[in-house]
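Below, chain A partners chain B and then partners chain C, in two separate complexes.
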Partner chain A sequence: MAKGVKPRVKVPKTAAAGETITIKTLISHKMESGQRKDGDGNIIPRSIINRFTADFNGQNVIDVTLEPAISTNPYFQFEAVVPESGEFKFTWYDDDGSVYETSKKVAVE
Partner chain B sequence: MSEVSRRTVLSLGSATLAITALAGVPAFASLTDDSIAAFTGGADVVDGGVELTAPEIAENGNTVPIEVSAPGAVAIIVLASGNPNPGVATFNFGPLSGSRSGSTRIRLAKTQDVVAVAKMEDGTFHKASANVKVTIGGCGG
Partner chain C sequence: MKMKHVLPSLVVLALSAGGATADEETTLSIEGETLTIRADAPAHAEELDEVISGWVFRSSETQALQLDDFDNPAFVFVDQAIDEWDKVDGTEGKACSSCHENVEDFAGLRTQLPRVDGGQLVTMEELVNECRTDRMGAEPWKWTKGKMTGMTALIGLQSRGMPMNVAIDGDATPFWEDGKDLYYTRVGQLDMACANCHEDNYGNMIRADHLSQGQINGFPTYRLKNAKLNSTHARFKGCMKNIRATPYKVGGPEFKALELYLASRGQGLSVETPSVRN
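Right after this comes the complex of A and B.
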């Protein structure tokens, strides 16, 4: 499932120093749970994103472990403190070893 | 996880579900208790101190929006007691985390209790649960 995976992230472009901002992330992924069966009754093997992390200038904000009970196209909303200008880095880890990354800059005024 | 062990876990899960359904006990299959124990290391879990927001009725069990928040938490684990596999997600909060909260969307197989257990900075554990009525289950099959 390395194809068609598109991460989308919403982060404010600017913030005050030390401000707490809300971040929303969404990534397109079918999150096959390993519970479903195909037309012949065979179990469709599990294929999910099992970990999501967000870092700001190398410091961790949140690190989420995902299980098959997370819905298709995993969505997360959380809050982060922005001490200075810098860059958020978001990383998703797939069961198949793929790693999806995206980053967003935030300027402190 | 290997194919065999997953199958074993799954069969265990459905067995527990069947027993729970027969006995008419709404909550806490043993698998959920096991998951909580694995998270807490056997420590006492106090009710309250965690906020778990979930809809009372979810029409579609495939995407149920939930939100957890616990001031002063270092980690929050979310469990769905009525799913074949109770684990849902574990939120670990880093040094730059704002309010210790997170929202996501989860799958629920049937009407059940969703449980959130938070590990606090002082090492204590807090718990909250919410009952969600599911109209259409979300585990495929």
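Right after this comes the complex of A and C.
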């Protein structure tokens, strides 16, 4: 597991049925591209988040493939429609096989 | 509400004649709290009429990053400091939280630093390291490195919105005088003093940079140019290199005195820690 990885997510706590809400996510990650060399000329191995997904009540909302050119601490902002109360589940997949997960509940009034 | 709108616009008319630059009506409101970004200059800042936060001088995109704590990239480092707060380190088996139950208890500390303790001028970095070496039995952190800037940002954040208010009388006077001397002393190949840019020319462009008053109420600050938190002393060093001078030592008596003097010039401005600048 890469060091200092910590997901952060901002989702409104409440929403109206069928409302489009804005979701912001950020994960702290060094996103080492695999292109750089260390002081001795050896390539620093690639270590990035390669996939990010968000699901609402088991239904996929967004599924992103990340490439090495994406900079450190990748940030995503996107919109989703919430038809009913439920839970957003966010998942980040690391090159080293680690999976980071976090979830947020939304109540529809 | 109507009245409130009328008054500031009158002020705009009066000031624009004097060549003021940034939009006078912008307000800085973070998480529902409005911060003071303009205040009457304190009596000891003789050459200034008004003290203005550096936030005012930045582009609207940079300003926007500071309006929401989620968008503010500095909070990645504040979050890391929250983890560090509970982490046991050193021979005594203690973490910050072993003695200080709540980081919120530090509300107000940032407004008073640097201050004089036992005849010495002390900064927040020194208070943190004193805890680490004397009470935790741990290695001190480097002044400008990530762990230190994260922790000083976390502690400073507790005072956000409170007015800067350092003591400059009594024991502090000689240090303050030293800082003032440095502020007005020309140094380096370009033969410039702090005052040449930040007092005589704030609001003007120096090539592509929009000069601010050089206020330190937002430090440690996240800078877009290096994507990390920057300490006050690291910023001083950057300024000195720009004027082709040999920087004083980070954590040395010169920079500490300058920090006290600059803090006193921001009297009345809200603490913005951690701010976002370019």
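Rule of thumb we're sticking to: the second predicted complex is superposed on the first by the 106 of 109 C-alpha atoms of A that agree within 3 Å, B and C clash if a C-alpha of one lies under 4 Å from a C-alpha of the other, contacts with A are read in each partner's own complex, and residues count from 1 in each chain.
We adopt the following convention: a residue touches a chain if its C-beta (ideal position, glycine included) is under 8 Å from a C-beta of that chain, and two chains touch if they have at least 3 such contacts.
If you're wondering where the values come from, they're calculated on a predicted model, not measured in any experiment.
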| item | value |
| --- | --- |
| Which partner, chain B or chain C, touches more chain A residues | B |
| Contacts of A:E84 with chain B and chain C, given as first, second, both or neither | neither |
| Partner chain(s) touched by A:D96 [first = chain B, second = chain C, both, neither] | neither |
| Partner chain in contact with A:G4 - chain B first, chain C second, else both or neither | second |
| Partner chain(s) touched by A:V61 [first = chain B, second = chain C, both, neither] | first |
| Partner chain(s) touched by A:T72 [first = chain B, second = chain C, both, neither] | both |
| First, second, both or neither for A:S28, with chain B first and chain C second | second |
| On chain A, the residue positions that both chain B and chain C contact, one per complex | 72 |
| Residue ranges of chain A touching chain C (in the complex, touch as defined) | 4, 6, 8, 10, 24, 26, 28, 72-73 |
| Chain A-facing residues of chain B, complex | 6, 10, 62-64, 67, 80, 83-85, 87-99, 101-108, 138-141 |
| For the chain A and chain B complex, residues of the former touching the latter | 20-22, 33-37, 46, 55-56, 59-72, 74-83 |
| Residue numbers on chain C that touch chain A, as the complex places them | 70-71, 73, 75-76, 79-80, 83, 227 |
